[in-house]
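Naming follows writing order (A, B, C and D), and every chain is counted from residue 1.
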């Protein structure tokens, strides 16, 4: 079985070496995922007996072998949180990320961005590079779109979330983007995931449309094990037989992700809904079931959108959305009961050191 | 195209005949679904011109051909509601139905039933006849279970919901049961649906685990067209590739059902969850997204349950569940904004006459 | 674990009692499924030691607990076969059942039936009672359809396969039908399955469109455990996300059914195909992968069919179909290599006594 | 609607210009996909009238707008074929590609490669870069694996098929590989597809596990529209609810791909089967239903395989596999009736010029 050893924050290098030596003796496949998280293959009781008494060892636990870093036990059951500009995605809050499917023009983006800021949302989304099923569909403005996103960030103060499609675009994206989104189609593009693991910029990892919950956590593990602790999961609908909407929003994935992992989970109600009228009910469901936020597509003129206008919420309906989700999140106990967990979170960073992340954002290993 | 003609409540038989004659002239396949709802195949504009000016005609509309009675237009866009004992499933409320998966013993059932009543839930569920994948699994107490349900109803005053598997059991069930449940496996058992259409007892129709939203509405149509207007739909999870829980709760089916149909929709969080810990998040999502209620499995001693104990909420957690869903439903605007719709509903009964139903409950046509 | 004990054909009642007594001593839940098949819950080695030495005991094996009668071990790994008029569905042959989706008229049925006989197919299919998603779709001719099927049988000598929807129709169906089909929608209609278990008429059990392979075998078990040994499984396509055809033909279900069960398996290529042009490729795949036959929809005038005409093979293409599947079945080794298994089959009947079935066909227990 | 104009091979540049000018006048979005294939948005009759009379125009047809190059009409209904070393994947043959899941060692690869050649198979598969759900699973030998593949090619004369995961690996792969495989996880990795469109090396495009047939054709279109005409589609199983095997082999995708597209289609029975025992039945089904070949995992010692050993056919069973599929393909009429199509194919190359491809294999645009 896979066993993890969580060290205290205060552990020195020599104390870590001591644990590594003991781990080598009682198990195999010993891995050092971060300065405070080790895993090995071995017998839980044996490992526990060998290291649990050491003062630098905080926690020993058996975990699913394929995602030790993402497992709930890697943070002793405490949920992690991820910085997004001045906001935090995680316990004690409910984060609203909104913006157009794709950046279409300066006017469009700035109008939407101001509406997003004015309604009290926390971050701006917008695609500069668009993955499209057809090679003949609008593919985004590319680097010009990145420049517009940077301008919208300056104008509104909102952090920016945008999708990366190609490792070769990363250098251009990093100055303009606060959180890199991996789309559903690329959830198992391991070349891309490994590259994101080398960065210190938060990643929004969307579940593939036929990916299991465990496969999604393994995809996150590629990033976490690479050294980047800031991953937010996103449930955006899976593919089923039903054709009454676009994708089947798997609302139950939220509690299951929370059982198995410490990572924050947000919901994209727009792609599942397929039509504007269903975005609000799905967003409210997200706020009720324990998700950490939503990412919503909105447009100042949905009928004229170059991409996915049918599911874009008109910007004038954003206040209703934001008020609604916050009221429901509060009623569901999220904005109060979780606050304590949020406070404790600051203290426990094994496997996901939040502190130095923002500063080191564009430093590759 | 299929066109419906909704008559006023006050229409006389001769006024109805007049409309039928006109309908025959401008269309084909003229059907009289209820005293106040006709459908025909024809051109909407032509039909409208022919009959809309008549004082006895309230509404003319094009509808999906396969479920005119269940269509939203059959009630002019107003949601219907269904009596369940003293409670009403529909707008302006949020109905909680709770009880054991199966009736196991007098002690078990009465203990659970009192807990259900004491937490403020509206109705008691309990299976006397259990459909089981394996012929060797516990199949329910049968008629003895019905007697115990009747006793629990007397003891608590709660109306009873129980599943019917066989048309030959109906006579035994009617005296003990206030709402007949059709399980997911029998959603397309048309012999059973037709028989339920002949009754005047409310039906809880569970969506099949691979049934589309439209197929579910067509199954309801079998009952409605048979003359029984009291159908409540139930989303209970569909079958997908994900194995992290038991079934994929299709939360988006709620707004889609509501767009397409006037029928109330409740959610069964228990079968989807598969495990107790996920029942509450899914129930809260149901309350947030616009469902009319939930049906939940609960047990006084889940570990000893003869069936589905793993997903049964312990009865001592019922108060938390009921408080939670009511708070979220209120935050989502359900318990206030919808009240007006509930009042108007009393006036408009075409296609689903609520009034005389309860009285005539056990009278077959 | 569930253990089965297969007795020799020659075992007397007192020899059976002796085994039952021993089984009671070493295990629990002892069940007598047929005169030659027992199952119990116990330890395999212990049961083996207790009874394997007895001359009347032929075989002791551990099996999946939920379908001991249907398990491959219940026939010591030998496939069973089921009589269909003069034909046999099972090893050493490849059975072609063809006919219209529904019986529409005397002329239509007789024309199709003669075409079916003339192309060398083995049996005639035709629906008198049609399960339709919409209550307003053509529901079959009912009892008049049965009379026409009986006439077609007399005229062509072909055995008849027809679907049963309602236990109350069985008495009318038995004189006209040689094999009762349970449709996909009713695969878990246990009231119906139990009733079929009491008959001695072969059953064609179609897999539900979201039923797992094991659930299908459990549905068969309801019939087998009831005492009716003659069940043929039918894979007819499952429901998935793909919309390029009607249902996803699960060709791999054939080898998996064969690993787990002794029951014959046929394939319905028509419902999966959705369009005529794909029926032949799917039928050939069935013949190649080890299926025991196919059931195909055909019509003398597909464009005029009242039901599913789009997927009906025109009767004039039947010879091409039959020649094709027989050639491919032969190339796949089916019509030669399996013959020996077919011969042995005659000798080994535990759990599925083929012999007395035809004679007792319409005798209910 | 999207209309394509197929020019004759002999058309000169000025004749092409003439057609382009006319196309611009009668439609919009005029695209030149290859020297002999144009598409535009317009009215079919109008376009036909404008250009069909020109001697350089061979064919005008309406097509699905999202994959004009991949559409069947782009080759006037004639199937295309793709060179693979000395072999050809396409009509008139049945191609067997076999080899280990991953290259593990020199000994392993050479032993398997010789077995593949000796049984009469046409090409060797082998993964040097392995996409694995878990970051901790064996990820392939990388560039050392490529060197071993090149050695195996020299030793056996077999062309090599291997998967590409990262555009940055292409330069290293091209000298060692005759056909680049895009795995299911990367089917919508458009950065990768675009890069493959710039090459002149054949591509084996595996269908994503939740990709529709049309989405797969759009993924192929990315490559074709980029200028690389040599794409072979591969059905390898989709994800459904069934857990009795690994993936659901969608056998009906073969005839549907063939209706909609001219591209060759092969089947991977190994990943769907999940277990060795089911590989042969699925391979035979592939040969029967009209596929152009199979790609099969085989290993000299499956129990010791580092990856997917459970589904690997032991090399000693390869002759049985190859004989079986060829016999069934012949019985299904494939190896004779299609030969004429194969001959005609040589003449008609619009949209997929086979001739100059092999020579220009490693020349990027």
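Of note:
The working rule: a contact is a pair of C-beta atoms (placed from the backbone, for glycine too) under 8 Å apart; a residue touches a chain by one contact, two chains touch by 3 or more.
Going by UniProt, the chains are A, B, C, D = 3-deoxy-7-phosphoheptulonate synthase.
All of these numbers come straight from a predicted model, not from anything done at the bench.
Farthest chain from chain A, judged by C-alpha centroids: C.
Pairs A-B and B-D differ in how many C-beta pairs touch across them, and the larger number is found at A-B.
Separating the centre of chain B from that of chain D, both taken as means of CA atoms, is a distance of 50 Å. Averaged C-alpha coordinates put the centre of chain A at 35 Å from the centre of chain D. For the pair chain A and chain B, the distance between C-alpha centroids works out to 38 Å. Shown for chain A are the residues in touch with two or more other chains, namely 210, 238-241, 243. By the touch criterion stated above, chain D contacts chain A in their complex at residues 29, 31, 65-67, 131-136, 165-168, 185-186, 188-191, 208-210, 215, 218-219, 221-222, 225, 238-239. Note for the complex: chain A touches chain C at residues 239-241, 243. The part of chain B that touches chain A in the complex is made up of residues 210, 212-214, 238, 240-245, 248-256, 259, 272-273, 277-278, 281-282, 284-290, 324, 327-328, 330-333.
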